[in-house]
């Protein structure tokens, strides 16, 4: 069974009913667009999660009149804890500035006196500190002399984390669904092609063609369809991204603090290769199920 | 019968032009043995009524055998058992000494490569050209394109369709399609040619031409099994005759002329 | 010819059992006129060589006409022009006085409902049962289920397939499939029966039976055009004979026996 | 051409190659799932937009020591403007309370003196006030004696509005895409079915069947496939909604202030009927293109 014969037969089959293949590729492009869009969303969600996950933090509000030496000592102790990534000392003036930045309103609050903002230690935690451990640290810190209050932002982070988790979860479900869909479409297309050329297949078999000879062109067709559709849909996504990214990307960046990015070329290549593999696989499954003479 | 015997002897010197035949049957001592043996073959399509009953048939290498019988007798079934479209329900069929029924699925193609089959319903791909329909049999054997072209042209020429390779097979007349099917069967120069009603759509003149073609191929050493209803062909060529009647296979070489004459007179009345 | 003339006369009293025929042809004065007229018909499949040249043919209501000629002569094409599979390139074909070539696309079905066609390649749906294959012709006419059942059973009986309605059509032998095709064509009791090689897969005995069946149908008033290669049938039934040779249509009613005998002797030689 | 024959033929066709139809329905379900999800997203985005659109507002910070009578008069004048939906007077105490609520942190800001919060008039605008008109109103208000400053939150609203706009825009593009996809899938399926049973169609035609007789079963099949797929996908979405809504719905509600809702039964019914219509349409298109004997 030589490849050149198989290729030329695949080419002939393709030309014979190119509309079938065109429609199949179109369906696959839709499926891959879903997959691509999902990957895109997941990639950006991951970036958000990473960024926001990194900024998991505690604020340690200090009692008025705490001495500079006490603060330094406290900072040193905190920095030696394994869960702590960084500690920043915020003077009342700095706190006021940051507060005004965050409220983003040029309101009368600008006239608040600096003294109403307490000095604080902003503690960035390492990623993945377990809940119980965090609570313990907070309890311990609360008992320190210069500490007036510990702010852990936990309510907010729990909300955010659950939303991200749900998004990532539904994204991977969707990705799996799309993969199944691709295999199903290819399988169906090949099934159609088999039904369409059942007379040819019968003649081939009756003339002494081996199973490999009969199957090879279908597998080649499936692989080509899968990879062409994947490639095409990535290009479409890129175009759509280029068109939309300006406006949406800005809004996205200002809302999340993370700039929108397309997934990496490696992932794109993986999608194309995966598309070809899924095509060949769908083809083989279909042949196994529907091709018997 | 005499003629058939003679050609058996003559077949010793054949096959030197076909690399395929040489490749598939390198053992030259084999041709002394029968090419096809059927032993107590039964085939049931319905539970109680066998289509073929206790068929015993031995066909020697280089023979020419007519198979006849009424519609639905089992002629096509007999041939289909040989090329493993169906399998026997009991008994065995030996082709070149090997039991056809016990071939694994993956070795069936290699059985079929030794056979040339003309199907009763042609099995021509109507959206292919005439050339492609014939060439497919050679493509399967991975024969080089150049060789395919010349051999297909030769085969089409032999069935009277020279120069019509580019025509759409679906547009051909019934008889022309049948001749394409014949060309496809003979182009591989098979060891055994199974012809199922190969002249059903041909006029008497062409039928005789095709019969003559088969006899030529037979002269060159190919074994031919020729299923037909056409009594004028049976009369025209004095070969071994096998009749299928009520599932039984009866050798009819002795009473052939008398029987054919009887049918002929019945038809003419 | 005498027989044919007689049945033309006899056809006055036919058709009272078929509501379909009554519905489609209520005008009883029409049967005096020819049912089919071909005037200077040309058909080209290739630019330069016409398949049919200047064909002039007049077939009267109730006639039985054999059409013969070598393979590829244009017999099937002639019939295909009548049922508007193809259209003439020049000239005209009048069926019951109406020009077939000028029918709109939407009225072609109503032409075909007056015809029963037996196709050379059967056109049997192999994944349907025998019954369904025959019944489809009646379903198209919106005939009630109950009536369909009895009429299909009757038609299968007439072609010798009584009680085999439930069998898978694809499993039938070549001759059996051909008979299913015949049953489908006659079950609607059409005004004109076009039979393209209807006995190509049948043994001589059955061929005669089918010919007899056609003659019975013809006796009942149906016009029959019967294309065949089988000279023994031409000999067996002394009907009008039309030959197609090199695109020309030649009336051969006079020299029939002599010509057939000549061919026969040629074949037997 | 009677319907019962057509129905029984459609049934026979369906049983003859039910796998083809099953696969077609499966593809359609995927397509309709996309459509349903999109509708779901659009419905909820609309609710957010409505709610947030309704809260488009201005804050009029008043100078310290503005008299109650002036405030009342100002409030009266403002309420008579056609662009103004409601006006609320916020005393410094109320402003402080609201501020603390919004910052959502039990921080030291609670100890800010009430005086630092200026009194304000919170103006809710009607929906759809044009940009130019809004600017004029703001300029006019700025010149009033008791007004210290006008806060229009425009930067924030522009971001939000552009995000919503982009979402709605891409959602409707997706919906159109899905509709095309549905028609394409049905068309393809019918095309396959036609190719698959081309021999039957040929026989029917040659036996004198009218186009209607040949086509009717295909149209019925297409309509049934389309509506069954739509119905099925809505049921699937409902199940998914029931499973997910608890957790995600809570996060969504806390983030947006709008509770997650499924689209209305009317829209569901419209999708099913539309699915049937798209099926029949796809079928007819396919027949028109591929059915000729």
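To keep things simple, chains are lettered A, B, C and D as they appear, and every chain counts its residues starting from 1.
Going forward, contacts are C-beta pairs under 8 Å (C-beta built on N, C-alpha and C of every residue); 3 or more make two chains touch, one makes a residue touch a chain.
Quick caveat, the model's predicted, so the values are computed rather than measured.
Touch-path distance (fewest steps) from chain B to chain D is 2. Number of steps on the shortest path from chain A to chain C, with steps defined by chain touch: 2.
One inter-chain figure worth recording: chain C and chain D are separated by 64 Å, centre to centre, where each centre is the mean of the chain's CA atoms. One finds 24 Å separating the Cα centroids of chain A and chain D. The geometric centre of chain B is 31 Å away from that of chain C, both derived from CA atoms.
Across the assembly, chain B contributes no residue in contact with two or more other chains.
Shared interface positions of chain A, i.e. residues touching 2 or more other chains, are not present. Contact topology of the protein chains: cyclic, one closed ring where each chain has exactly two touching partners.
Here, these are the chain pairs in contact: A-B, A-D, B-C, C-D.
Taken in their complex, chain A has these residues touching chain D: 17, 19-20, 23, 26-27, 30-31, 34, 61, 104-109, 111-112, 116-118, 148-149, 151, 156, 159, 162-163, 166, 170, 177, 181, 184-185, 187-188, 191-192, 195-196, 244, 247-248, 251-252, 254-255. Those residues of chain B lying in contact with chain A across their complex are 83, 85, 106, 109-113, 115, 117, 119, 123, 125, 127-128, 136-137, 139-142, 184. Those residues of chain C lying in contact with chain B across their complex are 45, 68-73, 76-77, 120-121, 171-176, 179, 196-197, 200-208, 229, 231-233, 235-236, 263-264, 266-269. Residues of chain D touching chain C in their complex: 1-2, 5, 16, 199-200, 202-211, 213.
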